[in-house]
Each structure stands twice: as C-alpha cells, then as structure tokens.
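Shared between the two complexes below is chain A, which has chain B as its partner in the first and chain C in the second.
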Partner chain A sequence: MSMETILAQTVVNGLMVGMIYMLMAIGFTMVFGIMRIVNFAHGEFYMVGAFMFAIFYGSYEVPFALSLLLAIVTTALVGLVMERLVFSRFRGNELNGMIASVGVALIMQNAALLIWGPSPRSVPAVVSGVISFGGIVFPWSRVVVIIGALIAVGLLYVLIAHTQLGRAMRAVAQDAEIALAQGIRVEVIFPLAFVLGVALAALAGALMAPVLSVSPFVGLAPTLKAFVIVVIGGLGSVPGAVAGGLLIGLIESFAGTFMSAALAEILQFIVVIAVVLLRPQGLLGRKEREA
Partner chain B sequence: MRAQDGNKRLRFGAIILAVLIAILFPRFAPNQFYVHLGTVGCLNLMFVLGLAIISRAGQLSMGHAGFALVGGYVSALLSMKAGWPALLGVLAAGLVAAAIAAALGWIILRLRGVYFVLVAFSFGQIAVLLALDMSDITGGANGIVGVPPLSLFGYSLASKPDFYPFALACALATLLFTWMLYRSPFGDRMAATAENQRLTESSGVDTHATQVIAFTIGSGIAGMAGALSVHYFRFISPDSFTFWESVSYLTMLVVGGSAGAFGPVVGVLVLTPLPEMLRATQGLQHIIYGAVLVLCLLFVPEGLSSIPRRLSQRYRATPGPDTSTPAGTRR
Partner chain C sequence: MLRFAVLAVAVLATGSASAETLTIGINATLSGAGAVFGEGMALAATNFADEVNAKGGLKIGGKSYTIELKKYDDRYRAQDAVTAMERLILEDKVKYVVGPMGSASTLATQARTNGDQILTLTMAFTPKALSPQLPFSFRPAITTAEFTGPQLAWLGKTLALKRVRALAPNDETGQSVAASQKEAYAAIGVNLEVDFFERERVDFIPILTRALAQTDALEIGGNSPTTAGLLVKQARELGYKGPIFVTGGDVTAELVKVAGKQAAEGVYVHLPIDISKPETAGYIKAFEAKFKQPANGHNLFIYSGLQMLTAAMQKAGTVDDTAKVAKELQGLANFPTVLGTAGWTGDKRYGIDHQIDVPFYVGQIKDGVVAKVATCSVTACN
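Showing the complex of A and B:
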C-alpha cells in the first residue's frame, strides 16, 4: 500500500470514529447543558441502540433506513422511561442526579446482559465494496457512517438554530428560571432534551453496529470518549463537541496507525490535561459563571 | 448533660463491642468463606473511607478504582521484579497513588466540580487501558499471577485466617484516622469547603489546597488498599479494579451515608454480603445493586446511618407544638 493510501485511510477512519464520538459528545453535553445532569448512562443508550439495530437489521432483515429509525425510536422510548422514573426526580440536584445515572447504567448494562447474553454478535454489513477516489480506495461501510452522522448533525443544527423548540432549549440551557418566566414550558423541554440526547447516542450505536460487533459491554468506551471530548471542547458547548470529537477521532486514528494504541490513550489524556491547564473553559467553551 | 454523658458512654461501649465481635468473628464463622467475606469487607471499608474523605471535601472521584489498580500493580511489580518486601511495596503503592492524585488534583481541582468528575473517571479508564496495552510489564489481559503474600516479622499471612486480623487492623486504623481527620481543624476546613466553597474561600481558607489534600489522602488509601488486596488474592489483572468497582464503593458510601466516619461502615456491612446472598438470583444481583443505589438516593439520601438520628429527631419533635416554624414547612 502506498503512503497516500495509508494516510487517506487513516484520515477516513479518524473521521468515522470522530463522527461517532461527536454524536455521543453532543448528546451528552446537551443533556448536561439543559438538565445539569452528568449522565454516566449515556453510553448504555449507545449500547441499546446498537442492539436494537442488530435485532431489526440483522435478525428481522428490516431495510437499513427503517432499522435505523426503529432503533432510534425504541431506544428513545427507553430513555423517556428512565427520564420519567429516575432523572426527573433529581432535577436541580447535580450530585445525586449523577450518582443515580451510575445506578441506571448498572441496571441497563446488566439487564442487557440478562436479555441478550454476554457473547458479542456481529451485524451484517450495510454495503460492501470500496469507493475509489483519485486512486485512493475507501471501504463504503465507513463512508456510510460518516454520511449518516453528517446528516444527523445537519438536522440537529437546523433544529437548535432555526426552530421555536431549539430556541426554547437554548433559553433553558442559559437560565431555566428566566426561561420559565418567559412562558417556556420547561417541564416539557427537560424530557425532550434528554430524549434527543438519547436518540443521538442510539444513532451512534446503530451506525457503528455493522462496523464493530455488539455486546452489553460496548457502552463504556464511547462514554469515556464523550467525557474527554466534552472537557476538551467545553462543557455544554455543542460546537466544542463537534471540534473535540473530530480532534479525538483523528488523534486516535493517527496514533493508532503510526504508533501504538497505548500511546493513543496517553496522548488523549495529555491533551485533556493541557486544555485544562491552558484553556480551562475548553477550546470553544465560554467562561462559566459559578452558580 | 447527664443524659448526654450516658449517651457517650453507651456509644463507646457499643464501639468496643463491635470491635470485639469483629476480632472474634473467625471463631464463630461457620466456614472459611465467611472469613474471606470478612476480609473483603475490611478491604472494602478502606476503599470506601478513602472515597468518603474525598467526598467530605465536596468532590466525587469516579476513578477511585484506578488508584487501587495503580497501587496494586506497583506493589505486585516491586515485590516480584525488584524483590521488595510486600509490606514496603504496599507503602510504596500508597505513595505512588497519592503522588498521582496530588499532581492530577492540583491541575483539575481549579475547575468546577463536574470537570473533576469527568477527568477522574477518565483517569480510571485510562489506567485500565494502559494496564491492558503495556503487556510487557503488566502481563496484559492475563494479569500477573503468583504475587507473593504479605509477611509480618517473618510470619507469612498467606492463609485466609491469618490475613483477616491484619486486614481488620488496617481497616480499623483507617477508620480511626478518618474519624480523627474529621474532628481536626483540617476536617472542619474540608466540611466547610463542601458546604460552601466560595464562602469558605472568602473566610481565608485555601479551598483548592484543601480539596487537593483530601483527594491525595483518599487516593493514597485506595492505592494501599488495592495493594493489600492484590497480596491477598495473589493476583492482579486490568479487570481487578474497573469502573464498576468504583461504582460499588460509591454505592456503599451512598447507602451507608457520607456524613460521618461510621456511614461507610454501615454501607460496607450491608453491601459486602449482598452479592453473595443474591447469588441465587442469577444475574439479577447487579440490577438489584443498581436499584438499591437509586432507591437509596430517592428515599434515604443521607444514607442508612442517618436513620437513627432522623428517628430520634422526629421523636423529639412530636411532643408540643413547635412555634419556631410555620406548620406547613415542617417535615
């Protein structure tokens, strides 16, 4: 393989992984920004989304786009139930809400273990073959992930920036009390934001299911990445999550290809520490007022 | 005054009795498995007390098991490759874990609490990943087998009944240390920092230093306890101390209550045998564990150890109308 091909494939891999991390980080940072809950169960929704997709697409052979939609909707329903049962009761209590999310993660992972068993299952590839572009070949399966994530982020941007609902969500994120005083129905925005975050995690899981295998334990790694990205990009900042996601994806891909996986992990942690030291509000975050 | 004096004597007597029961526990334990469970409980108590000290200063470390993992590897490698006595290895493990915590804490604790939680969690995860990846030193996923047992003045603590008294002594020493720490002026600074960081800062307390020191002490204890358990199980792998161990220490702290030094004791006593009792439920045990955590947060957020105080407050509050507060606001 020529150097250009290796370089190009490393970039594509980095972009793909980065897109997935980005979806995870956006959902996580949105839920924190609006509900003030550090959701340790975020990755478990990724896991449920991946399983749902594996079931619809792999076992029942539902068409790809419909499987994706069904996986997102079913996982979002699980998220809604969790929000109603647990998270809504810890509103305004950052610490206990976070601890409760750990309990939710424990319950969800072990429920998945009980229902679906521990052995990883593989999902048939959505597309096969390669795309050749200027003499450089990429596997189609990875390009599909990138395109899917791009569409989702585009839709999300329109939702947040140009709709009534998006404006309401931004208002609640800035100051829930003032938003309430302006007539925004905060009690509706909270579950909506949570479910939207869950849906993004589910999409990430469903998109990755055919590329990696699916097991009850796949949720923790993307949670870690979401945390790292959010610290780098600035907590509560969606553009920060986008930039941080791509940065971490590329670091991981390049360090993994040209150095070692261990070095890739250390490098990410060093970036986190450097950001905290030099630019505590995150690369694209704004200085936060202390509550 | 009299009543309070008697109360104090009663409490002192109860503590002596509890310690005696703990010491004599192996004598009336039906079999060795209970002794093993007792040892695991002692080790758990050390982990949870470390976490409690950090939370006393207002922070929550979700990477607590990471420090245990670092401590475990440090002591295992020092005693196997460098030939150090195991006990010295345990001390070194505590120091290394404390040093990492001090450096990490000094950097992250300048930020809001949430960032600390995220970075501490990342540290725990990265410790596991590094242990997996650096297989030429750590043995990778297979871990290190045949870690030498502890020995005390030439007397080997390889067997379960021999290790238990030592583990108990360590746990009680940690408990005494925690209790004294909470009662010291530094303990007051910790509690004040947790209560209201800005107000405490403006009264001239260096809250950053207070939190860094608490994090250093708590993580150092985790490192030592991790090393002790590695010498007890004679084995360490990246799976020995993962995020889920951090979760279980946190659950014990929440269920027991983090207000005093004795909350962790209650949490450990309740939750160490729980997985064994639930073993028959086949996989439901972790789900029940998670449910216990959430339910406890909802209904007894101050932990089980707060129940007697709450009950006595209610008992005292009932006779006679309370004129100080309007009727509607009383619980």
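Showing the complex of A and C:
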C-alpha cells in the first residue's frame, strides 16, 4: 500500500469513526445544554440500544430498519423511566446530577451483566464486503453506519432549526425561566430532550452492534469519547459536538496509524487540556454570562 | 430395637464426624473482556464440585469432604485480585485456590499465597508464575512459552514468512506473550513487530491500517476472545486476505462468534484440546448439556488441574498439609484427566516441575469450527 493510499485510508477511517463519536456527543451535549446534567450514563443507553438491536435483529430476525426502530424506542422508554425517576430531580444541579449519572451508569451496567451475562454477543452483519476506490477501502458495514448517522444528524438539524419543538428546545437551553415566561412548557421539553439524547445514543449503539460486538461493558468508551468531544466542542453546543466528533475521529485515526495507540490517547487529552486552557468554553461553545 | 437405635446413633455420629467441607477458592476474571476465560474456570470448578458432591464427597484420610466454592471477581485487575485473595485467605480460610487468571493478578498475589502455603492453580501465561521460590504455584495450562516455539516452527515451515505484525494488549499479559512470541519468531528467522494498545480498545482500524500494509501475516495471540474476534473482523473489513495466527490461549469459539464464520475462515489457532479423544469429547458433551455454553480450554485445564489436585490430596491423606499435597501433586505422572494423560514438566525452563505436561495442537478454522492440522509436544509439531 502506497503512502498516499494509507493517508487517504486514514482520513476515511477517521471520518467513519468520527461520525459515531459525533452521534454520541450530540446526545450528550443536548442533555447538558438543556438540563445542565453531565450524563455519564449516556454510554449505557448506547449499550442498551446495542443489546436491543442484537435481540431484535440477531435473535428474532426482525428486519434491519424495524429492529433499528424498535431498539431506539425501547431504549428511549428506558431513558424516559430514568429521567422521571432520577435525572428530573437533578436539573440544573450539575455536580449532584453528574454523581447521580455515575450511579445510574453502574446500575445499568450491572443490571445488563445480570440479565445478559458477561459474554460478548455477536450480531450478524447487515451487509458484508468492501468497496474500494484507488486502493482505499470502505467496509460496507461502516458505510451503513455513516449513512445512518448522517440521516439522524440531518433529521435532528431539521427538528432543532425548523420546528416549533426545536425552537422551544433552543429557548430552554438559552434560559429556562425566560422560556417558561414565554409560555413554553419546560416540564415537557426537559424529558423530551433527554429522551432525544438517549435515542441518539441508542441509534449509535444499534448501528455499531453489527460492526463491533455487544457486551455490558461497551458503553464506557463511548461515554468517555463523548465527554472529551463536548469539552473540545463546547458543552451544550450541537455544532461543537459535530466538529469535535470529527476532529477526535481524525486525531485518533492519524495518531493510531502513524504513531501508536497509546500516543493517540495521549494526544486526545493534550488537545482537551489545550482547549480548556486556551478556550474554556470549547471551540464552538458560548461563554457563560457573568451574573 | 435398642440395639438398632444404638447402631443408628453410631452411624449418624460417625457420619457427622467424617462429614467435612473442603473450601476451594476461585480468584478469576468474571466480568469484562476476559470474563469468558474466568467463567470457564469457575464453571469447571462448579462442575467438578457438583460431580464430587453427587458421589458423596471426596474420600481423604478416612473422612468424606464436600467441596464448597468461594468465588471472587478480579475484573482482570491486579489490585482486585489481591483483595479477592485476602478475602479467600482471611475470611474464607481457604488453602486451595483456582486462579488467579491473569499474569498481573498472579504476580501481585504469589508472594502472599506461597508465604501462607496456599496452593494455587494459576492460569497466568507469564514465565514468572513458576519458579523454585514458588513451591505452591502450579499451572495446569499450556502457555505461549510451551506452545509458541513448536507451533511457529511448524507454521513457518508450512507458510513462507519473512515479517509478521502482532497486536497485543499493553499490560503484563500482553507484554509477556509478545516477548515470548518475538523470541519464537526470531528462532525461525522471522522479524516480529508488535503494536501495543489499551486492553479496553474495540476499534482497531487505525492500527490495522498501518500494520497490514507492512506484513506477511498478522499475529493476534495473547488477546481476549472478544478482542481477537474484533481484530479478525476488522482486518477482513479492510480487505486483508493474508494469514492470521492466534498463537495464544484457546479463543476459537468466541472468536468465531464475534468475527463471524466468513471472517474467521482460515485463521490458524492454538488448539489446547483434541475433541476426538473420547474422554475430552465426553466431558465437553456433558458440560455443554448441563451449562448450555461451550467448554473452552481454560475450563478443561482447570477441570484437569482439579482432578490432579484432589488425587494428590487423596495420596497425601490430608487437605490441611498443603506442603504434603504439593509434593504428591508434583509427583503425579501419566495421570488420566479429561485432556488425556497428564503429568508435570518445566524444570528446564522454570526450575520446577509445576507446568502441566499434555499434548497440544495447531488448528485451522474451517466453516466456523477448528480442524486439527498438527499435533505438538513441547519439542515439536507434526
């Protein structure tokens, strides 16, 4: 393989993995932006989504699109229950909310361990084989993930930018009290935003299930990545999550390919520290207004 | 009537006096990426205990012992293995432990167990797990140090190899496996380059992109079954069609499950068991019917280790004097186990004969199952 091909393949790899990071980070940042909760249980909804997809698609052989939908809906229901039972009580309370989310993450992870056991579960490939252009390889399985992620982000953009619900969500994210004074039903917007974030994590989990494997522990890494990305992109910023996701995907791909895996991890956190020091609000985040 | 009552009381009294409990500890990885191995070990011990207890217990020195198990999860972490071992020794008062499983866990606990004369059946692949200074550590598993040399010599002769790339986890287990692999590849004139990664990693595409561009073959021995499956799957996703070797523990069942039959086709694996042997086949059939899951290599090694350990206890006539049991255990030769006839070796390599000596095999995955392609001993494969 020539150096040009390796370089191009590295960019493609970075963008492919960045798409999934982006999907995870958008949900994570939305929940923070609207509810002011750093949800460390976000990756566990990724894990539940992956398991649900594995059950519907792998065990019951439900068609792919329907399995995807069922995985998102069932995980969103789990998310709604969690929001009502736990997260709704910590809105705006960032520190306690974060600690509660760690507790929820551990509960969900161990519940999954009890229900599904520790063994990794393999999900049949949706498509197999590769397409190649000039030596650059695109595995079909990952192309499906990219298409799914792009459709989801497109729909989310339409929802946020061009619907009344989206405008209401943005208003609540900017100032919940003013939004309430304007007649926006914030009590409905909070759980809706949370469930939407959970649904995005579930979609990411379901899309990645056939590419990777499924186990109760698959949620930890995506949570950490999502956290890193939203810190880089700006907590609460959806465009920041998109940019941060792609950036981290590319950093990981280049560092992993041309340096070592350990250096790739180090580099990501150097970027995080640099961003926090030089631009604390993140690349595309807004500065908190002084009281 | 009175005579019958006295007899009954005497029988009951004798029964209660000889009904003892032998507690065996399990210190293994029961969650996370290595859980498949640890669960295999724990279920082997459970199966063994069930069978012994169903037959009325273990007869040792005129007493009958019911086996009870105490199980702890080290989560593949040395500090958790230390905690588990402390609980087993101090709270549960065990003298025999199945495990630890990982190299880091074994290294962190071996001073304590040997100091307290706790006999362990470790599954650690590190060469530091056995030495004359560790008289209570036995290893009932064939490790990379034993099988890598003969297996690679056979593969090198069968396939023309010049350079091989290995991917291994960046911890004690991965480092020690990579070191013995490097040595073994060098011995057959092949240059092995190793890329290390964090054990939790699941996306290997960036590392594989570089590695696959510079190699004749990919070596993924020493990885957990899930990781090995993901590596095979992702290497094939990148269009890699070259040979893949798993010169490590038995990971085949999980590898095929994770990678899928198509991606796993042709992968060369270390095969610790020969399912054509009647004793092995019989065990696997009974185990799988009872537990509804595959019996992996770790499972059969621990079961064999327990067969040998309990035979040594019977020969020693005690469960309390572990030094006497260790001496009898080391002396067992041509002992029938579920893996076939076993004994102990290792004096030349480790300075002590505490390494199980059983045949092993090279296998190749064909249509999702492993076919035996060579039979090996510690000296050569044929």
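One rule holds in what follows: the second predicted complex is superposed on the first by the 280 of 291 C-alpha atoms of A that agree within 3 Å, B and C clash if a C-alpha of one lies under 4 Å from a C-alpha of the other, contacts with A are read in each partner's own complex, and residues count from 1 in each chain.
In this text, a contact is a pair of C-beta atoms (placed from the backbone, for glycine too) under 8 Å apart; a residue touches a chain by one contact, two chains touch by 3 or more.
Every value quoted in this text rests on a predicted model; they were computed, and no experiment measured them.
Student: Overlay done on chain A, so just call it for chain B and chain C: clash or fit.
Tutor: clash
Student: First (chain B), second (chain C), both or neither: which does A:V17 touch?
Tutor: A:V17: touches chain C, not chain B.
Student: Could you say whether A:S132 touches chain B, chain C, both of them, or neither, answering first, second, both or neither?
Tutor: second
Student: For A:G103, select first, second, both or neither according to whether it touches chain B, chain C, the two together, or no partner.
Tutor: first
Student: Just to be sure I read the superposition right, which of the two partners does A:A261 touch: chain B = first, chain C = second, or both, or neither?
Tutor: Touch status of A:A261: both partners.
Student: Should A:S213 be classified as contacting the first partner (chain B), the second (chain C), both, or neither?
Tutor: A:S213 contacts chain C only, not chain B.
Student: Kindly classify A:L113 by the partners it touches after superposition: chain B alone (first), chain C alone (second), both, or neither?
Tutor: A:L113 sits against chain B and chain C alike.
Student: Looking at the overlay, what does A:V38 touch: chain B (first), chain C (second), both, or neither?
Tutor: first
Student: Touch check for A:I273: first (chain B), second (chain C), both, or neither?
Tutor: first
Student: Pick one for A:V228: touches chain B only (first), chain C only (second), both, or neither.
Tutor: Touch partner of A:V228: chain B, not chain C.
Student: Between the stretches 61-69, 133-141 or 295-303, which region of chain B is in steric conflict with chain C after the superposition?
Tutor: Residues of chain B that run into chain C: 133-141.
Student: Which chain A residues come up in both lists, the one for chain B and the one for chain C?
Tutor: Touching chain B in the first complex and chain C in the second, residues 113, 220, 260-262, 265 of chain A appear in both lists.
Student: In the complex, go through chain B and note every residue touching chain A.
Tutor: 60, 62, 104, 107-108, 110-115, 117-119, 121-123, 125-126, 129-130, 133-134, 198, 243-244, 247, 250-251, 254, 283-284, 286-287, 289-291, 293-294, 297-298, 301
Student: Mind pulling up the chain A residues that touch chain C in the complex?
Tutor: Touching chain C from chain A are residues 1, 6, 9-10, 13-14, 16-17, 113, 118-122, 124-125, 128, 130, 132, 137, 139, 141-142, 212-213, 215-218, 220-221, 252-258, 260-262, 264-265.
Student: For chain A, which residues are in contact with chain B within the complex?
Tutor: 32, 38, 40, 86, 89-90, 94-96, 98-100, 102-107, 109-111, 113-114, 220, 224, 227-228, 230-231, 235, 260-262, 265-266, 268-269, 272-273, 276-277, 280, 288, 290
Student: Taking the complex as given, what residues does chain C use to touch chain A?
Tutor: These residues of chain C touch chain A: 30-33, 35-36, 39, 170, 195-198, 200-203, 205-207, 209-210, 212-213, 225-226, 229-230, 237-239, 254, 257-260, 262, 293.
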